Amino acid sequence: MELLIYGLVNSAILAVMAIGLSLTFGVSGIANFAYGGFYILGAYTCWGLFTQLGLPYLLSVILSMAALAALGFIFYWLVFLRVRGMEISEAIASFGVGIAILEFLRWWGFIGFYYNLPGFLKGSVEIGGVFVDCHRLIIIGVALALVIFLWLFSHYTKIGLAFRGVAQEERTALSLGINSDFTAALSVAFGSALGVLAAITILPTGTILIDKGYDALLFALAVGLVGGLESTLGVLLASLILGFAQTAVAVYGATHWMMVVTLGAIIIVLAVKPSGLFGKSKELEERV
Amino acid sequence: MSAEVGPILEVKHLMVFFENALALNDVSLEVNEGEIVGVFGSNSAGKTTLMNSISGLIIDIKIKEARRGGERVTVLGEIDYGGENFIDKPPSYRVRKGIGLSRERHPIFRESSVEENLKIAGYLRNGHEVREGIKDVYKLFPALKELKRRRAGFLSGGEQQMLAIGMALMVKPRLLLIDEPLLGLSPAIQADLVRTIREIRQKGVTILLTEQFARPLLPVIDRGYVMENGIIILSGTGRELLENPEVKAAYFGT
Amino acid sequence: MRSKYFQLGIKGLVVCLILVVATMFFIPDCRSQEVSSKFIVIGVPTSLGYPHGVEGLEAVNMAVEEINTKGGVNVGGVKHLFKVYSIDDRSATPGTPLNDSIMAYEKLILERKPNVLMVGTYRSEVLLGAMDLLSKHKTIELNTIAMSPSMEKRIAENPQKYKYNFRVTHNALQMAASIAVQGDAFQKKFGFNKAFIIHEDQVWAKATADGCEVMLKKKGWEILGREVVPTAVTDYSGPLLKARNSKAQVIFTVFSLPETAICSKQYYEMRIPAVYAGYPSYIVPGHLWKTLEGKVAYQVVTAGELGLVPTKKYPKSVEFFEKFKKRLGHWPDADHSGASAYDAVYIYKEAVERAGSLDPEKVIAALEATDHMGVNGREKFSPQHQIIFGNNPKETACEVTFQWIDGKRVVIAPEAIAEAEIQLPPWIKK
Amino acid sequence: MVKEGYRKERLDRGIKARCDSIFMLTSYREILYMLLPRVLPIAALIIIPLVLEVSGQVYWQKVFILACVISLLAMGWDYLASVGLVSLGQALFFGVGAYIAGALNHYLKWPIFLTIPVATLGGALICTLLLAPIIRMRGIYFGMVTLAFPLFFNRIIEATKLCGGTEGLPGLTQFPTIWVATYLIIGALLICLFAFRRIIDTDYGMVLRGIRDNDRAIMASGINIYWVKVQAIFICAAAGAFAGAFMSHHIGIVGMSVFALDMSIMPVAAVVLGGGGTFAGATLGTFILVPLSEFLRAYGTLRIAIYSLVMVVCVVGLPEGIFHYLQRKYHQFDRWVTVEAKE
């Protein structure tokens, strides 16, 4: 029972973390490695709006998402535009920006344990003899909602379809009237906004810390890749696998080996299925 | 054969350099409203570059090459379309003004389903128009309707070509550019496609297409140009081209 | 054409940036040359992006300002002033290579020629690696963050070579002893004897937990289990559930990383029927009640330094704490290093005055004979250069145990300075 | 009718066109033109430590050594990338080499001149065996797994307390003087640089690049591409393991953090900055990045922020890489020409 509930919670956390990155990286093919930076920056923005300016919580969540989306949009035109199509340069340039954001915040004095976001719901409930705090249950809900949203978005909305088009054949998309730069900038903006949402959902379980930004990027990447890029179902499944693997180790074995098992799971899944669990593209094109 | 309404597209003295190599050398051609015009030439004659210049993809190529320090692309000349010079307009603007392109070797969105491909192609249209457009495409290519859930990468060459043309039609073009529609297809499918092209023209779409071998297309084209090494060496109606002895051997097969 | 100008603009920007950066390089370097012989240079190599480092540096600065305004240090009849240089060794940041941190040490030593290093690194790896460096450059270090007892082991093995290292704060073994003192309190008041240990995966934490286990067993405790939590974990339900299933009465924790705050919260939310105790050092700071929404209630914590959890029974600690809090502008975040860094400056000052010289050999001899009444209690070095800790600040340096009650930190042990008695959380039936 | 337009023309410098053969010996300018770009960096590498010694910059000597070490990793990365394998885990090679050398020296008391070669070859072998099963992966997937490997090792050492666990193995034998260390690493750097450049130009190098561009075509010509990839990994790992073994003796301690993320990212950043595929670009990149990082130490915590911003500006400003840009400017020049179209 403990395994079930906390495994679920853990998986949900991973899924929520991964969804923003999955949108930019998986769906529209842009390696936005500044994700970790945006994730934390969004959390601090929300914290600032809520505690310093005293805005209502919902409003500050929405405002911080909007702010980071705008930032992501500008970020595309300043940085990505010139390195588009060169994946390594994309990754390095955006990772650099992510580090710069995080380290700048650190320098600015955002260290220590002052920074805390309120959960959506207080209190805890008992399920089958296990106490779970309500906020963690909400994370599960948010994760489900986001996964469904991502799937619908990338399959049924015009923008979502355009993201996928630009990712697959940029020039064909261009010749169909899709402004690829605008679309790509939008996808970075959406990804950042989702990252902020993830931060606001997850971070109330602890406190806001700079180093969480690096973790978020790593876990999001791991989940995205194990699941197979561009596959929403993959994100869900991968976060379930990794989440339950971690929790199972924690409950039955030594917590010690948690990270080892996670990394081992990643390596094994990718060694068996080189393009992730649900990676379609590589089956066609790249698997030799 | 068709009514002379006046040129919809006029290319004047178009020159394209890839670094120091001259890909298009002083190309001038015109396409009249309602015509089907063919550009014929062997590999590396500059057909695809011409199509890219008209559809605007060359601008994208130019920018990307410049960014990564590759070849410098220079485009000079004029492309008059509807009284406007399109030479440095971005592709999305040209699409909005009604130029559709089906690219060479049909690079469609291989990982999406057929229907999704068409939906993506309808990016500029609103929901109702997209549904109508898809219906029209299925009417034109009934084979696609059967395959609409299939992933595009798994289609055969002919089906992919149909899809590519269908996608270009989704933008509701006034001028449809088709680059090498018959490349690598069997004669039976070629004949089908030619018939479809004629149908498309009957809907009021002007068509400019390129091909290596002109014979299968001869029945439908109004006029044709022959290109060699980036230069237009000959122009005229289909029959005139066919009767030119020099060209006959090289491009039409005997 | 627009793109041409755009490119020009970018190129111009790059050139300007390079120029700006290039000029920036030379400004600090020029300043560094004016090290006068009238100064005693204190180097502070530490992680300046983390609370222990920042607060250690602030405490050093505070002590130095006090000493300087009072006229400085008397070295053989000549007045010297202290001067502080800091460098960021990034050792607390995961993903920093060892050589980067050691380079920071080396840069500080070679370029500022410090007489003494204070505060020091976070990571024991770096501490051990820097020991060789210090003996090469004959520079004294008074450590106040890293707690690995391996330092003393190495000093004991090769005292001549490694005599340059001193530790002013507690080490992991003393930590363990203090946790065992906590155990006494539980035993005496409630008759508990079943414990579960959770600690994080760091050298000092492991050592502390080992020591704790041995000492608790000696006192008749039954250790029902032990869990190691790797760093960067965000869910502690596993170990907590294990502790609950083992029917332990007390959970002793050894934590230092901030994310372990989650453990406290989860413990509170899960209502584990065992007292949360030990050394969860992140819940030491005074503002944590507010930040964690009171989810630390009734948790028992051993804090490293008396100076950071003051008690009225030892006025010097209150005095320091108020001064320090005022200077920082907020509650101190770190559980140790602030008070001991403050003491370290005074210890060094007194040693230099007694030695009457800045020669490292003489200063080391004087340091070894230290007997200082600091904010942490009475401070003396062991033969392995470790401050001796005990239970009474009048005799030795002292660690405090407090309990979170109604938003306040109430000191409950050791007895000499206790303000109140230990309490059980209301959800535990006796 | 005559239409005129302008375009910028890019031309090779005439001097090179004439003198790619024995005839270049006929003019000292042409000899200089050919030799300068090769001799100057070698001379600089050899002289810089001397200059630093004379000017008393002991610290910068260490920085110089660090730059050489990272540039070995960066060249290894570049070599692997030329087969189409994008590694994000250079720290794996570095760390395995460092630990082998450290363990041999610490437990068995082997001297330096034995540990370093053994660590180089042994480390390369171990890394190759580790990566062999995942050699079918490409692109970001390969990158991700290689990124996970060093972290994996990190955790294993943490969990099993292997080789000193989190405390590492302190007190290793250090090089007798800084000169031995400096010139050993410079020698290794130059050997790798010129050997890699030579390999890439041979037929074997063509196969490597062919695998990157179109591996199925290479398979179709009857070459076992996996065997070639394994060879490439071995060479890359050997360079990395040497760097690691060298570094552990240089600083006298080996700890878990040899598997740190920085060690994986720095080389990639250096190659991206300097320009890939040329090895010289990788070296140039590191010799910009490492000193930059050290200069910025004066800014304390802001250091990493400034550092990464400078890196981003450079990458965005010159996406092709500094070395490619310089090379083009050296060999080619631009001029405006008139284009006339006649009818």
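Brief remarks follow.
For clarity, chains are labelled A, B, C and D in written order, and residue numbers in each chain start from 1.
FYI, a contact is a pair of C-beta atoms (placed from the backbone, for glycine too) under 8 Å apart; a residue touches a chain by one contact, two chains touch by 3 or more.
The structure presented is a predicted model; accordingly, all values stated were derived computationally and were not measured.
For chain A, the chain whose average C-alpha position is most distant is B.
Think of the whole protein's Cα atoms as having one middle point; the chain whose own Cα middle lies nearest to it is A. Chain geometry summary: the mean Cα position of chain C and that of chain D are 39 Å apart. Centre-to-centre spacing of chain B and chain D amounts to 46 Å, using the average Cα coordinate of each chain.
The distance from the centre of chain B to the centre of chain C, with each centre set as the mean of the Cα atoms, comes to 72 Å.
Here the spacing of chain A and chain D, counted between their Cα centres, is 32 Å.
Within chain D, the positions touching two or more other chains are listed as 155, 159, 300-301, 303-304, 306, 316-319. Chain contacts: chain A has residues 82-83, 86, 103, 106-107, 254, 256, 259 touching two or more partner chains. Residues of chain B in contact with two or more other chains: 67-68.
Here chain B touches chain D in the complex through residues 12-13, 15, 17, 19-20, 25-26, 28, 67-70, 72, 74, 76-77, going by the rule given at the top. On the chain D side of its complex with chain C, the touching residues are 58-59, 62-63, 66, 155, 158-159, 165-168, 170-171, 174, 247, 250-258, 260-263, 292, 294-295, 297-301, 303-304, 306, 310, 313-314, 316-318.
By the touch criterion given at the top, residues 10, 49-51, 54, 93-95, 201, 227-230, 232-235, 237-239, 241-242, 258-259, 261-262, 265-266, 269-271, 282, 285, 287-288, 291-293, 330, 333 of chain C touch chain A in their complex.
Taken together, the chain A residues at the contact with chain C in this complex read 2, 6, 9-10, 13, 82, 103, 106-107, 111-116, 118, 124, 130-133, 202, 205-207, 209-212, 214-215, 246-247, 249-251, 254-256, 258-259.
Every residue of chain D that touches chain A in the complex is listed here, in rising order: 81, 86, 133-134, 136-141, 144-145, 148-149, 151-152, 155-156, 159, 215-216, 219, 225, 265, 268-269, 271-272, 276, 300-306, 308-309, 311-312, 315-317, 319.
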